[in-house]
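In order of appearance the chains are A, B, C and D, and numbering begins at 1 in each one.
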Amino acid sequence: MDKRGYYGEFGGAFIPEILSATFDDLVAHFNGIKNDPLFWDSYVDLMSTYSCRATPLTYAENLTNHFGGAKIYIKREDLNHTGAHKANNVMGQGLLVKKMGKTRVIAETGAGQHGVATATMAAKFGFDCTIYMGEVDVKRQRPNVFWMEQMGATVIPVTDGTRILKDAINEAFRDWVTNMETTHYVLGTACGPHPFPEMVSYFQSIIGKEARKQILEREGKLPARVYACVGGGSNAMGIFSGFLPDAGVTCVGVEAAGRGLATGEHASRLCTDDASVGVAQGYKTFFLQDDDGQMKETHSIAAGLDYVGVSPILSQLHVEKKARFESATDEEVIAALKLTMQKEGIIPALESAHAFAGAFKEVGNLPPDQCIIINQSGRGDKDIFTVADAFDDPQWKAFIKEKAGDYRA
Amino acid sequence: MTIVLEAYIREKREKKDILLMTHIVLGYPSMEASMEIVAQMVAAGVDLMELQIPFSEPMADGPVILKANQKALEAGVRVADCFKFAKEATKRFEIPFLFMTYTNILFKYGMEAFAGDMARAGIKGAIVPDLPPEEGDAYLNAMAEQGCHPVYIFSPTTTDERMELLSGKGSGLMYCMARKGVTGKETTFSHDLDTYLDRCKKATDLPLAVGFGVKDKEDVAYLKGKADIAVIGSQTIRIVNEQGIDAVGPFIRNLQ
Amino acid sequence: MDKRGYYGEFGGAFIPEILSATFDDLVAHFNGIKNDPLFWDSYVDLMSTYSCRATPLTYAENLTNHFGGAKIYIKREDLNHTGAHKANNVMGQGLLVKKMGKTRVIAETGAGQHGVATATMAAKFGFDCTIYMGEVDVKRQRPNVFWMEQMGATVIPVTDGTRILKDAINEAFRDWVTNMETTHYVLGTACGPHPFPEMVSYFQSIIGKEARKQILEREGKLPARVYACVGGGSNAMGIFSGFLPDAGVTCVGVEAAGRGLATGEHASRLCTDDASVGVAQGYKTFFLQDDDGQMKETHSIAAGLDYVGVSPILSQLHVEKKARFESATDEEVIAALKLTMQKEGIIPALESAHAFAGAFKEVGNLPPDQCIIINQSGRGDKDIFTVADAFDDPQWKAFIKEKAGDYRA
Amino acid sequence: MTIVLEAYIREKREKKDILLMTHIVLGYPSMEASMEIVAQMVAAGVDLMELQIPFSEPMADGPVILKANQKALEAGVRVADCFKFAKEATKRFEIPFLFMTYTNILFKYGMEAFAGDMARAGIKGAIVPDLPPEEGDAYLNAMAEQGCHPVYIFSPTTTDERMELLSGKGSGLMYCMARKGVTGKETTFSHDLDTYLDRCKKATDLPLAVGFGVKDKEDVAYLKGKADIAVIGSQTIRIVNEQGIDAVGPFIRNLQ
């Protein structure tokens, strides 16, 4: 084990001894593909024939008029196969797994998107597949569980800890330390031990590459700001990476303020002082933890943002002030989601709706000759149970009750 | 002082074919119970003990120890309580104690403060499974300054070269995982294990402790002549869960 | 009213007097855009920035190996915004509505896809929107109803007739004859009075144009066969139109055989003798009707195929033997869906799965140096309630019961 | 024979300010009831009647007539039953009867066969709302051959030119929709209607029947001097639904 993947003081690879050789192998293979000019082409080819890359950049004319500020563009990761940016990372790692000669993949999932994406990739590449998912998330994202299972994956509800994303990650590591010869752990976000933060960002950078080219074609200039929601940080890293070198572009990460930052029931690690630097799940970053270093319970309406840690690369961008981090409450997110549906006919995932909410707070203050890009990391129809609950839709409830009645009969 | 633990082990080994190291999670099922378990174990002839400071993300632990960690935290166990416990245990009992925990507990406490308080509490060393030597400079320095043993782990996948690296960084004893995976699962003691332990022996002069899946008299017997210490981890927690604290003493006695 | 849009003996415009002027206007505007070389460009531009056209052509390697016959390619209409080919037609008509200066759109919907697509288009273009949907379909496609409503559309459950697609069409016409000054009826398939069959096929022809180009790029030759499911016929017309002039390409339309052609509980109009020529819903075609001309009840597991009529253009292709029509039963469709999910990580809509099932029956008999294209008209995750029921998934049922319990509490 | 219907209407109009045409759906609520309703209507002074052959897709009808169509079909009404009914009605009652139905009923029956059987049943003409003249060659030929009246419809959106076209194709009478929409909804009788009816009168020499939303004495009175015939459609079905068959006679009597 050589390069440990540090970004300032963040990152590293705090892994159990037993995985040492596995990580050496992984780093070597990852370095191999990074240095292989043909690999990126094969990746882009896969993504443009199996998924629909380049994903479009949509001009949101009605939202723009509504806020009367900068022009709003939306990068449409929701149009990816399986409905989110997660596909980018997963397909990239799938190609890597083939190169490594492994036959089984495992993954954690929070929102279920990464699980569905991994199960999909496993079906396509012919790998065995096991998905770990916190029991709480299994409940709120049942449709995704159903599809994962139908695609041949085994979904294991994690009943330990807080039974959400972080616990699923622990459980995936427990599987991995037992089965690393055959198995690759497809980590779903730009977190975890090196090389995952770098590797996941590498695959997701396809978003930023495209978006930069597209906005230049459309507007002839760079955006003033780029907004992305921040769970683990992969979609943010993906789009930010296309604009970080550009001094004039502000990258804004939007975290989950849950029931409000003041309530403590949130999942904001960078935009509050509630988090502090720590080491868990194999890497060093800002974590929501107590003084002893025990991880706290987090809350977000969006399962995919409900996470204690954050990409070490984003932590470093935060510390260096190369990116700005804000937050949006559950309530603001629901309002942003409604507005976007009604104005543009677009349904962002609850995760993505954080980026929209963050942008909506600011865009009216920017002059109309500027433009911004919001990264729509995924589509919201997977969230119907959560959204219908959040909207408290009586007809949906009636429908579910009737359906349940049918099943009882 | 770095040779204190090794000396203790070698001395004991002259009288016993194999030593016993046991493991408990502090505060599970309660702090009082933990102390009582330690007492029973010492009385039953345990030679060394690992005291695990519970952590919310015990990545390398299997279901039994994982649940014990959680329960202890739910009961409100703090790191400070663990130091208090350690101080008392080392005062009451003659055997050497090690801390076992995860990096973040040390990191948040501060490496130097942690090692200092450890030493003052009479704890001989620490096992931190998610702190490989590559990430361990601050830790190793702090431990060295306090004369505490950083115990490293060999695994069946560790190469010979890496074993030497680990051996050079660690001290006190070398913890050899009997198999892949997390704590608390079955292990088949077989020829493969022998070959692996031979490799371990060649790579280090430190005493070898073998753990992961060691659970009964037979397992312990198998390790005689192949290792210096048999480590009983999850199995004692299982005994406590299933038969109560008072079953611990008889269980340990029966192992030897 | 001049040109009546006949294809052999099929087609025409059997419309109430009151709509006469409206249709004249519609025909004139449609002719206008057809003859405007810039219109098609603006349409393609909209579709490639708001939806993700060109949709990919995916090589299904695992399915190909599984059947050991011709190479299987899948045209990925499921990756369209809103999840089906319906978006093509709807966005095209949306542009037309803007040109006509109308402010309100109405539509019928069966599977709900066309309703969602129309509600989406209405949100984007700022039109008022009312969707008519058979009560039976409202029940089986509740998630779609939820999204339509969230996007600001009014969904009216149709409680008359057999309470499915055809009844929704009648009801939409009833609205139209009352509100034609302000309102355009966005018919969802290549049926109905002229110019709808031609107009919907025109917009959908984007599928065939792309597919033809893509397969030539990938294979250097045309496919031996092209498969599409046939409800009203719009996705079939869309892809077939790219290949009809090619003598070597067989276009195969796959209809819904429901519980089996012999049971009479199906929706197959062209591949059986159960249908006969008739006039209803404004056009002449093959209908499933009794001797008196009363329409029969149809059945399909796929709401979008559950329709008594069929595009007059397809009827003519059938009569002229320029296309071949086959069918697939509910059971075959479920099997094809499962296989496709597990082999390729792709979830076809139940409608689209008919095309897959039809292709799977034949592809093994074609030599490996040939290739075929299956049109995947939509994605299946909208169908979760139907699919979960068809698969009889106990965990899904348990989930729904628990959810209902929560709502009762 | 094509002027028979017109002659009848003109003759009647000499004695009455406005004639009444009513509409029923055959077989709703039953064939017997339908005949009883006809009898009551004729007795109450109705001048002409539309007999609707039920169709499964009555696109131009509103909820009341739509439901009646469905119920009749559910009760098993066949087209042959309707012809039988027509034969009996024209035999029993002196007034002229028209068929009202949709294209498919004629198409499936065969245009010539339909017109022939119609004529033999003594039916004077037909109203087919989804069969515009552009699609009507076969129909018009068959009707002409049998001397039956193809009745066309003017709507408020019909242009003057088109009115002339329709007038040229149709015969017997001209059916003027009082407003847009389907049958059975409210109509406001207003100045707009007057202007429209003036246009109708200018466009055709045929007698004008005004329908859609005509439901009470007041509406009928309003039409006097503006049209030859007031058409009562959905309202009689509503009366039957709400007050029973025996309420039909009094309702009709009260209109005049």
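The working rule: a contact is a pair of C-beta atoms (placed from the backbone, for glycine too) under 8 Å apart; a residue touches a chain by one contact, two chains touch by 3 or more.
Bear in mind that the values here come from a model prediction, so they are computed numbers and not experimental data.
*Asks:* Hop distance check: subunit A to subunit D, minimum number of steps through touching chains?
*Replies:* Step count on the best path from subunit A to subunit D: 2.
*Asks:* With chain centres defined as mean CA positions, report which chain is farthest from subunit B.
*Replies:* It is D whose centre lies farthest from that of subunit B.
*Asks:* What whole-Å value do you get for the distance between subunit A and subunit B if each is reduced to the mean of its CA atoms?
*Replies:* Computed value for the inter-centroid distance: 37 Å.
*Asks:* Using mean CA coordinates as chain centres, what's the subunit B-subunit D distance in Å?
*Replies:* 97
*Asks:* Find the geometric centre of each of subunit B and subunit C from their Cα atoms only, then give the gap between the two centres in Å, rounded to an integer.
*Replies:* Once rounded, the distance between the two centres reads 65 Å.
*Asks:* What is the distance, in whole Å, between the centres of subunit A and subunit C, each centre taken as the mean of its C-alpha atoms?
*Replies:* Distance between chain centres, rounded to whole Å: 33 Å.
*Asks:* Taking chains as nodes and touches as edges, what kind of graph is this: line, ring, star, complete or other?
*Replies:* Contact pattern: an open line, chains touching in sequence.
*Asks:* Each pair of chains that touch: what are they?
*Replies:* A-B, A-C, C-D
*Asks:* Of all residues in subunit A, which touch subunit C in the complex?
*Replies:* My answer: residues 48-52, 55-59, 62, 76, 79, 81-83, 119-124, 126, 139, 142-143, 145-147, 149-152, 338, 341-347, 381-382, 384-385, 387-388, 391, 393, 395-397, 399-405, 407-408.
*Asks:* Which of the residues in subunit C end up touching subunit D in this complex?
*Replies:* 1, 4, 12-18, 20-22, 160-161, 166, 170, 173-174, 177-180, 276-282, 284, 287, 289, 291-295
*Asks:* With touch defined as at the start, can you tell me which subunit B residues reach subunit A in the complex?
*Replies:* Touching subunit A from subunit B are residues 55-60, 62-63, 66-67, 70, 73, 78-79, 102-105, 107-109, 129-132, 134-135, 152-159, 162, 166, 177, 180-182, 185.
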